[in-house]
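Before anything else, here's the structure in question.
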Amino acid sequence: MSKVTSMRDAVAALVHDGDVVAIEGFTHLICFAAGHEIIRQRKRELTLARLTPDLIYDQMVAAGTARKLVFSWLGNPGVGGLHAIRRRVEDADPAPLELEEYSHFGMVGRYTAGASNLPFFPLRSYFETDLPKANPLIRPIRSPFGEETVYAVPPLKPDVTVVHAQRADAEGNTQMWGLLGCQKEAAFAAERVIVVVEDLVDESVIRADPNRTVIPGLIVNAVVVEPFGAHPSYVQGAYDRDNHFYRDWDAIAREAGTTQAWLDEWVYGVSGRAEYMAKLGAERVASLKPSGEAPSGSVDYGVYK
Amino acid sequence: MSKVTSMRDAVAALVHDGDVVAIEGFTHLICFAAGHEIIRQRKRELTLARLTPDLIYDQMVAAGTARKLVFSWLGNPGVGGLHAIRRRVEDADPAPLELEEYSHFGMVGRYTAGASNLPFFPLRSYFETDLPKANPLIRPIRSPFGEETVYAVPPLKPDVTVVHAQRADAEGNTQMWGLLGCQKEAAFAAERVIVVVEDLVDESVIRADPNRTVIPGLIVNAVVVEPFGAHPSYVQGAYDRDNHFYRDWDAIAREAGTTQAWLDEWVYGVSGRAEYMAKLGAERVASLKPSGEAPSGSVDYGVYK
Amino acid sequence: MSEPRAIRPAEVSAFSKSEMMIVAAARELAGRRVCFVGVGLPNIAVNLARLTCAPTLELVYESGAFGAKPARLPLSIGDPTIVTGATAVVSMFELFSFYLQGGLVDVGFLGAAQIDRFGNINSTVIGDYEHPKTRLPGSGGACEIAINARQVFVIMRQSKRSFVDRIDFRTSPGNLGGAEASARIRREQGWLGRGPSVVVTDLGIYHFDDSGEMRLDSIHPGATLEQVRDTIGWEPHLAEPLSTTPAPTPEELRLIRERLDPEGSYTK
Amino acid sequence: MSEPRAIRPAEVSAFSKSEMMIVAAARELAGRRVCFVGVGLPNIAVNLARLTCAPTLELVYESGAFGAKPARLPLSIGDPTIVTGATAVVSMFELFSFYLQGGLVDVGFLGAAQIDRFGNINSTVIGDYEHPKTRLPGSGGACEIAINARQVFVIMRQSKRSFVDRIDFRTSPGNLGGAEASARIRREQGWLGRGPSVVVTDLGIYHFDDSGEMRLDSIHPGATLEQVRDTIGWEPHLAEPLSTTPAPTPEELRLIRERLDPEGSYTK
């Protein structure tokens, strides 16, 4: 059964006001296209979960979609802060933003507990830090073997997880390579999953390399084909991270006015990713292509009859 | 630094009397070659850990290497029981064998806790069963969130884990495909790791597809190149499971005498895997080749300069 | 795969008790989506269902293969034929954590050495645990399948030694001491599984009544109530009216004999 | 990669404070095996070490790449160049569970907004947590690096605002209230990490003395003790004798300027 649909229809059907939404991807495969569509559809009161809110959540927060962030590292990697989020946190401008804060491993553990139907996930982090004081959902737990105590974090089960990938088939069997972050755990933990891909491929391509499959169609609700949907993030083998945009955003987001002007032009002002790419221009797009191919090589699974 | 060595030297240097040894692989990639070398070197008082002891531990137990099994399913899949082990358990013949018993997920959780330096691993298994009574190391643990209780198993940290794989480089960066079992967890949990491969490959082959790497050379002590080292288990893409041998073993192992005669002929009577294969014969070996190739296809990682 | 033989009329009505059992189990899978496959009889029943009444059934092999389309019936659940052409192959950590404990498995299939009237199962030992008369394989994944799969199907042959008043060891929980306690404990402890829903034997098909006890709903053609009572360690509840299981169709028999178990390992 | 420029004599002695800091940090990595790499200054320092004093150093990127040989210095730790040609790419679950918490990381590298005399670190907020004056990025992986990496290296610029008597929030534990308490808690709780071992700043190099407090062991060429005291919120312990850090070599400077940070993002 094909689950292929448009980004507009997928977001309209699967993302609701008030949802806990996770658009995951650790620097790699961040689905900006889905974030922008959520902004365009003026979703409200979302709780946004991500290890690294990155520019995508700075934009979504600036656009007023969110009431709360669940996260572990709030910044523009290698550049600086996320100014739209900081305005809301430091100055409640234009409104307060609730924060629920963990460490990276704590967030990964939360998704893992959610995916595994466990009531908690244990880890050695947090001892002798102020994090458990700042977040009462980080709690100590005593080992039933010996005297040791570790910390526990509760499961995180997003209403919707969005995953960007190199390829999937029409049922949503999804393969990705390069940095994998915690997309698998976030997808299995979620009530609903939207997969966004560079390429829609035949089932036979997936079945040729079953060890490469990260997310099974079983848990996928919609497959959206949206090439370049991760820009200014990147897709291993397809296009590079647009570091210039990451640097430019620092200036854009420093003032509410310039931030809104950018959203008006690049999000509200376009109908979708195709128009966004056209606006970006062929030259910019071409400049992000890898300088050459680095093939994985093929392995043999063998025919066994 | 090359870690390539012979099976004889690897076992002599890294497996000691009294060790906890895990030769893992869920039906796939079971390293019989290492088990046979451990028998030939007359290692004693081993604790043998595996989800499914399979024929390999039936043979090692029959040869007197082991004082204890840690396991979750004790049988010859699709055929019946493991008779050498049963003789020791049911009749203490020729000596008792200590058993420490979990479920599959419990064993996977134990390796995972061992690999993660956690004092326990939580799981929902074991409720309302007699397993916690049979094994006092299966203990309840209360969630710090709400009223739920789950069970916990303690970490398992083998002294030595043996992993068979399709290929590795000389440093031990190891790639495998097909069923992955819990080799990764068992290897990371271990003090020492022996990797046995069908093919030794150049580092560039590994680096061409870094997502395919299951075990990093960092944790590997020895790399042994031993083609056909998994027979009568199998290697995806290289050779088939020798189901005839699995069936034959049922008759061989029913009596202590025939079991010892088999060990004399096929283990003590050969110097290593090359002689074992020669004895098996070219026809039998050829009959286990896959009937055709099933290539995975290649993906592109891209060059980024 | 060998070519189908022509079916002669004499073959249509002649089927073994094992074949009837496999066919009956396969039919119970109609409409199910995701089935967790263990070794042995469940393996054949599930593959028969996929070829007949449940073409969209997804098989999750305990060994980690998902969406497998085996080109032959594997002897072990860890055969290379279930990997080549599968949609996903995952580690056992992922399989047990995300697929099974995460609640994605609709039906878990179990065999057993002993079962009691409430569907509690023993696959560990006959006799005392410390000094067993017979040492059986143990849980494998059975105890977690019983707890986490949404429903559990049991397939096993009936005998006085297997259908017992009191099992020697509880490896996998069924309806515990009855439906009420089972529902309460499963709810309070957050189990996703609702427990056993069907037991298919060589003599008939049992479901579970409101008390949580097995009830014979259908008897296989050729089997008698006397045989049923002679091979069960308690007085069995009987449905009224008691159905007769429809005999295997020629196509079902053909698939078992020619495609799934040509050597008759499971069906003799 | 661009061709090396010729080094002119005038360039040899002229180096920035940031360059000295990066070079000093890189040299501390001599003989180390596995280093966990975070974003920013650690990223350059570690890559410089790999090209000079620690050629066999294995880089574990927080983003999941292992044995990376980046063809360019990545802006972010999640750049595609650290993946192509790496020996392994793993999920974050695996990275944090098996590599970091499992004890495989010899050196974890941390930056910080505030540090106290015992090497406890704040990268969360300046001011009150609920109503922060400045909201900083937060832990990321820092709190677990501080607990699980065998040793922790800190790299940060000195100032009265960053080297403080009391940090506003403890994101990552250092030597806690002193060496004795730290050793006891780390032992009792089974931590694998022994805590901070070096702090490299733009003015000098600190190690930790027996009390667990930072001690200035080496001062960078051009820096003065007055500058050190003016940029630190407590009276610093000084080694006797105090060394002077050897200046960056022409080769170290060439690698930073031409290969690792040609745009001068980190070194201006």
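The first chain written gets the first letter, and so on, giving A, B, C and D; residue counts start at 1 in each chain.
Everything that follows uses one rule, which is that a residue touches a chain if its C-beta (ideal position, glycine included) is under 8 Å from a C-beta of that chain, and two chains touch if they have at least 3 such contacts.
Just so we're clear, the structure is a prediction, and the values are computed from it rather than from any experiment.
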Find the chain most remote from subunit B, comparing centres computed as mean CA coordinates. D
Interface with more contacting C-beta pairs, comparing B-C to B-D: B-C
Could you tell me the distance, in whole angstrom, between the mean C-alpha positions of subunit A and subunit D? 28
Measure off the straight-line distance from the CA centroid of subunit B to the CA centroid of subunit D, and report it in whole Å. 40
Chain-centre distance (mean CA atoms) for subunit A and subunit B, in whole Å, is 37
Find every residue in subunit C that makes contact with two or more other chains and list them. 65, 79-80, 83-85, 89, 97, 101, 148, 190
Provide the list of subunit B residues touching at least two other chains, using ranges where the numbers run on. 112, 117-119, 123-124, 148, 177-178, 180, 184-185, 211, 236-237, 240, 290, 294, 301-305
All pairs of touching chains? A-B, A-C, A-D, B-C, B-D
Provide the residue numbers of subunit D that touch subunit A in the complex, in ascending order. 39-40, 62-65, 74-80, 83-85, 89-93, 96-97, 100-101, 124, 129, 132-144, 147-148, 169-173, 176, 185, 188-191, 265
State the interface residues of subunit B toward subunit D in the complex, per the touch definition above. 112, 115-119, 173, 184-185, 188, 203, 206-207, 210-211, 213, 216-219, 301-305
Within the complex, which stretch of subunit B touches subunit A? 117-120, 122-124, 137, 139-141, 143-146, 148, 150, 152, 154, 166, 175, 177-178, 180, 205, 208-209, 211-212, 236-238, 240, 290-305
Could you pull out which subunit C residues touch subunit A in their complex? 1, 34, 58, 65-67, 69, 71-72, 79-81, 83-89, 94, 97-98, 101-104, 148, 190, 192
Residue set of subunit A touching subunit D in the complex reads 26-28, 51-52, 71-75, 77-79, 81, 85-86, 89-90, 101-105, 108, 112, 123-131, 133-134, 147-149, 177-182, 184-185, 234, 236-237, 240-241, 243, 246, 290, 294
